[in-house]
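A short write-up of the structure that comes next.
Each chain gets a letter, A, B, C and D, in the order it is written, and its residues are counted from 1.
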Amino acid sequence: MSFAPIFSWPVRIYYEDTDAGGVVYHTNYIKFMERARTEFLRSQGIELDVMEQEHRILFAIRALSVEYRRPARLNDLLRVTVDFDAVRSASLMFRQTVFRDDELLCDGSVRVASICADSFRPKAIPDFMQVQLAERLAARAGE
Amino acid sequence: MSFAPIFSWPVRIYYEDTDAGGVVYHTNYIKFMERARTEFLRSQGIELDVMEQEHRILFAIRALSVEYRRPARLNDLLRVTVDFDAVRSASLMFRQTVFRDDELLCDGSVRVASICADSFRPKAIPDFMQVQLAERLAARAGE
Amino acid sequence: MSFAPIFSWPVRIYYEDTDAGGVVYHTNYIKFMERARTEFLRSQGIELDVMEQEHRILFAIRALSVEYRRPARLNDLLRVTVDFDAVRSASLMFRQTVFRDDELLCDGSVRVASICADSFRPKAIPDFMQVQLAERLAARAGE
Amino acid sequence: MSFAPIFSWPVRIYYEDTDAGGVVYHTNYIKFMERARTEFLRSQGIELDVMEQEHRILFAIRALSVEYRRPARLNDLLRVTVDFDAVRSASLMFRQTVFRDDELLCDGSVRVASICADSFRPKAIPDFMQVQLAERLAARAGE
């Protein structure tokens, strides 16, 4: 039995990410989390532009919560992780963290809904994506 | 007995606020909430630049949670409200909503800490601000 | 003979607008210029969402140049002006400035093209808008 | 005689970079250019946080001009190039482009001044950086 490692994505801090407090502006960690989710999905063969154009699916954020523990600063190289709970028919709950080396800077959860790109109503996540994500969950659990 | 009305602040949606889904990008509602908190504090005589320069205090976000209910779009005129729970010595919990006319688009809570602008450690909210906010709370409760 | 005053729009600086240099981040002045252009057009009866939905026209930026003279800071209240040169069939050249009181902080020019929202090809500015802008130009010139 | 290749840096487009026109929002290309300049300087051993903390130098943008030729879209992988003209005592003129494969999307020039982080007045670029950049210029010219 082995466990698939958690997915992580590097983010470098530029001036655009900071504010006059001298640290990273709070909403930018949430953007970093989205970059990491997007790259996680890409690593699973799921591309957001293909989902929209071929499947008419957008992923909309329904809820998020974030705890800010320590600030990041200009030039820092951060590591953003992505994990998720059980997939439901039209939504996903992600768990994410942002680290600088071994230091936890912030963490949060993001609930994402699969919606129709035309009507904006809930639309079932396609089977291929359900299967892909279920396999990933099993790999993470070491099954 | 009368109740002070809830504070609200108008926000107009420009292209800068939107994304390729055709709606307002999710982190921007959190920026709008901060604009409204800043204007609420200004309406109470509390200016963030004075707090930093004269009192060496920054207000840092410790935690936030947001629920997204309906999307805003280009050119919409939104109304962002600000309310808060009991003030503690070095932190404040805000409750906020974003409306378009009578339609609730999103709502959330934001925990803000008062920290020293030099050490980034917790620093007591100055007395004048404690008093000002306590009076506002009482007015909201109709006392 | 009288001259119509130049259009101007107020912009307040929040943390979201600043960077770790302690000043407003450079691209944000360009966003402020766009807010002012949008409000100028609205003052002339031209709404961007109506242009897109009813006329299938988007206004795309083709070129811009900006000179940065002095920095703005947190909490500053700026004034962004909008003027423009002669209107052509499918493009407009705007001249803009950003002031804090009587101090010029930055100025620039922005060339905007009228394009089809579907094909992204140049599309003539509708007559009603041509007429409206020509009248405005004449009023500015004191004719 | 050989020529050092031009420096380039990859940028992936996420939702945060787009607007309701379905394309990348215009100021974001300017941010991408700054990311590439920062990474170019890093490749030359010049770190912006070290410049500020040890040399009390900030690099402030004095002027920029950009031409937008074709739009980038969600999920595109762009390549941002960085080149520069002769270095002066306290300023640098960068030339930059943004490509998607072989397609030029936008290009521009950015004039950056070296200023004192305390007084915001012009401050000479340190010798080590002058030498490093002069060598790079010579290598680019194939000298």
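Observations
By our rule, contacts are C-beta pairs under 8 Å (C-beta built on N, C-alpha and C of every residue); 3 or more make two chains touch, one makes a residue touch a chain.
Since we're looking at a predicted model, the values are computed, not measured.
Looking at chain A and chain D, the chains in contact with each of them are B, C.
In this structure, the chain pairs A-B and A-C differ in their number of contacting C-beta pairs, and the larger number is found at A-B.
Of all chains, D has its CA centroid at the greatest distance from the CA centroid of chain B. Here chain C and chain D face each other with the same set of residues for the most part; over half of the interface numbers are shared between them. Look at where the CA atoms of chain A average out and do the same for chain C: the two points lie 36 Å apart. We define each chain's centre as the mean of its Cα atoms; on that basis chain A and chain B are separated by 26 Å. Chain contacts: chain C has residues 15-16, 21, 27, 31, 73-74 touching two or more partner chains. Interface residues of chain C facing chain D in the complex, by the touch rule stated above, are 21, 26-28, 30-31, 58, 60-68, 71, 117, 120.
The touching residues of chain C, counted against chain A in their complex, run 15-16, 18-23, 25, 27, 73-74. Residues 12, 14-16, 31, 34-35, 38, 47-49, 52, 73-75 of chain D are the ones touching chain A in the complex.
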